[in-house]
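In what comes next, chain A is part of two complexes: it sits with chain B in the first one and with chain C in the second one.
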Partner chain A sequence: MRRRAGVGAIQKQRLEQEKYKDKGNEIQENQFEQMTKQLEVFRVNLEEFAAKHKNEIRKNAQFRKQFQDMCASIGVDPLASGKGFWSVLGIGDFYYELAVQTVEVCLATNYKNGGLISLNELRTRLIKARGQGKQHQEISQDDLICAARKLKIFGNGFSVVSVGKGQYMVQSVPGELSMDHTAVIQQVANSSQAYTSISILRDQLNWERDRAQKALGHLLKEGLVWIDLQNPTEKLYYFPSLFTACINSSN
Partner chain B sequence: MQKKRWEASQTSPTASASKPPPPNIKLRTGIVGIERSIQEKQKQTDESISLAFQDLSKLMVMAKDMVHLSQNISTKIREKQGDITEDETVRFKSYLLSLGIEDPVTRDAYKSDNQYYRSLAKQISEIVHTPITEVGGMMTLTDVYCRVNRARGLELLSPEDLLNACRLMESLDLPLKLYLFESGVMVLQLVTLNDESIADSTAELLEEKGSLSSEELAQFLGISVMLAKERLLTTEKFGKSCRDDSTEGLRFYPNWILNREE
Partner chain C sequence: MSEEQYEWPWQYSFPPFFTLQPHAETRARQISVWRNLVLDYFRGTKQYTLDIREASRQSLFCNTAINRKLDTEFILAILSDLQRTQNAAPIDKQRHRWEIYWHTLEEWANMIYNYVSSSGATNSVLTLFELTQGDDVQSEEFCGLDTDVLIKVLRVLENERKCELMLFDDQQGVKFF
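For the complex of A and B:
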């Protein structure tokens, strides 16, 4: 058919566009209904899964981690709401309570470590506080990291800092820990002592004097390190948050 | 004869090698028996875990599909394509929240016609109203979270649940409201509290004491160091104090630059 110009063609084009638009709406309405239906199917499957594997999740920390990792990779947070879809798995209370207890431990130890606590110490204290018996569940490092991270949205500075070699620190006060500060903590955490100094930092991290001074000065100001002026050679900086780790470590 | 026996014994190993081993291992007592039963149990656990992982994987495939679908719908909503109704949008947002899907669509002010969060807001307000008044009218959300969950005991709230509920408080005319400091710290405070009155009363304290650090103020008022720091910062914002920042810490002094006459 010969393509026509003129008003007729324009009107025809408009009609076609309308049709496409309607079709678009139709497809999109179907999408929403589709989602509603899929959600129902998912809910049924999730309930089945919960009935079969709820216990496994409760008892097996590795399975829990696997579950969390998979959720994270597809972009869902099963702990976003206590009343949400995922609540049928019954892991909400576990994590929310862990979060509460984390806050309490951090608050109780704040006065001596300035708001920075090693994940190991946190875990030890929590296990002690929760006591044996009850339905004593195995609390893994990952569980704690997950619980601690959830507290971040309150803006109070809860954050989990990695200090290398699979070690973590939990920070519970606001304050910027820059990469330099983390490097200092890392250096001390990986040494067998709980202190550092300008010369140690220069030696281990290859920093200039000023850079080391600045980092240590900030940590001192934030109350994360204590200064020892009695050493004859130079000032030493101690991390109270690493004392227990020092005692408990094998080296 | 020997040869035959030899041949016979040679054929038997091969014969038994081709025969399948007897299916049932006789259960033995003693250490070997215990070891065997541990192995059996381990095998069962491994099997049940691997079954669980299989089921988990299937579940995740389904969930992933829904996430994709929701992303499509979300894009349509934001670009205002098509006729997704107001009602459907509200329902869609609640799906996202319920599944725990991060999406810009849910980040804007949450519609207050969610019955759950509204009743939650009232419940929270009841639980912490008195404690907040007792500590000077302000409490960090972290603190509120602990108190509320301790009070509930079961069916605890997620941090997001708490935050969403607190966001509604002001619109529901409750005696508490959510306040966000510049530093990012979130608190629940009495609606009767306002910045200027805090600045004034803190400035008076500074005059009285000469100078204060966050720790000192915290101890004096019986509040947390973080909130004390916020008070001092607020006072500074109103120009009623000056800071002295050193490695010994942050101290605040009355604002002599403006107030003292030379």
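For the complex of A and C:
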């Protein structure tokens, strides 16, 4: 049957489209309402779960990470609020405590590493400093990264720098590290030595001499590296934060 | 202890430690560590003098394991800083030879005077040898104190009228009051 494109037909079409649109909205709204309800249920379950496993979360680093991931997937940040449910759990406190202790270790070692410390060394010192109680011992790398991130609210004073191969450095002095500076740190961290030089950077990172010189000059100026002028072939630049004897010393 | 027994700090095996650093804060810390190292090393090995011209032969200033050593300029910088805090003094005009006071002259003076008073030796004459090498002083910190340094120390006490030096060709002694 042939459809007649009269005004009436157009109006009818429009009406039907409106109906479909309304229905679509209705369905959308329903879904939204359902999802909200579901999330709410989920959130309540999560809180119950957290309360039930409070001790586990405090003591077990892997459990803690999984819990964090679970929260993140539904958009809940257990560290966000200082009051209310989450701080009652003591989870907020745990990271707050870690963050404060991180600052302490960074300040205490600044004199010898210039404000750059490897996450491994930080973790070792923290574990030593936190004492022997069972709930103190297990701190994972993730815990530290999480705590250090919280410190970002104080500005650029603290930052966590990835140097590849699952390793991180924590920088605790103001003054930002550019990508080139980070690249230098990464290069040294991944080598088996604590030093680098212009020719090493040229060789490993394919940089021009000027670029290498500039990066090293900046790191020297910021007090993150020491210069060694007694190497027969060229100047060497050392990171005390990557020099084993320095890392292991207590002074 | 002997030189071989001395325990070095981590910085001693850190090659750039032997290069005077351009970064002000780093350099200040570096000099501070060197100061303490010099004083502690001299105290541990019971040495009192140093000749800059011989310094490169001393393991203190020369770590052969990493092939690094302090140059004269750097050594002088450290000694000058020690002089500033009365922990060292040049004993010749060209500043080649130095005395190292791991206790300042004042500190030595107090130490010796306290010992003399508490052992009731005031008003008697002691030879310089007895004072620093005698059986009675073997466990004292100032045992083995270099004679030239000792005389300087006693002059400090003399100025405070706490003793009188008697230096003759054949005998060197001191009377405490």
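Definition applied: the second predicted complex is superposed on the first by the 182 of 251 C-alpha atoms of A that agree within 3 Å, B and C clash if a C-alpha of one lies under 4 Å from a C-alpha of the other, contacts with A are read in each partner's own complex, and residues count from 1 in each chain.
Here, contacts are C-beta pairs under 8 Å (C-beta built on N, C-alpha and C of every residue); 3 or more make two chains touch, one makes a residue touch a chain.
All values reported here derive from a predicted model rather than from experimental measurement.
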Is A:G114 touching the first partner chain B, the second partner chain C, both, or neither of them? second
Using the superposition on chain A described above, determine whether A:F67 touches chain B (first), chain C (second), both, or neither. first
Applying the document's definition of touch, where does A:V100 land relative to chain B and chain C: first, second, both, or neither? first
Quick check for you: in the superposed arrangement, does A:K52 touch first (chain B), second (chain C), both or neither? first
Once the shared chain is lined up, is A:Y238 touching chain B (first), chain C (second), both, or neither of them? second
Could you say whether A:K221 touches chain B, chain C, both of them, or neither, answering first, second, both or neither? both
Does chain B (first) or chain C (second) touch A:V184, or do both, or does neither? neither
Does chain A have more residues touched by chain B or by chain C? B
Shared chain A surface residues [contacts with chain B and with chain C]: 220-221, 223
Interfacial residue positions of chain C with respect to chain A in the complex: 9-11, 13-19, 21-23, 25-26, 29, 67-69
Tell me, which parts of chain B touch chain A in their complex? 48-49, 52-53, 55-60, 62-67, 69-70, 72-73, 76, 81-84, 88, 91-92, 95, 97-102, 116, 140-142, 145-146, 149-150, 154-161, 163, 180-181, 183-186, 226, 246-250
Residues of chain A touching chain B in their complex? 24-25, 28-29, 31-32, 34-36, 38-39, 41-42, 45-46, 49, 52-53, 56, 60, 63, 66-67, 70-71, 74-86, 92-93, 96-97, 99-100, 103-104, 150-151, 153-158, 173-174, 217, 220-221, 223
For the chain A and chain C complex, residues of the former touching the latter: 111-112, 114, 195, 220-221, 223, 226-231, 236, 238, 240, 243, 245-246, 248-249, 251
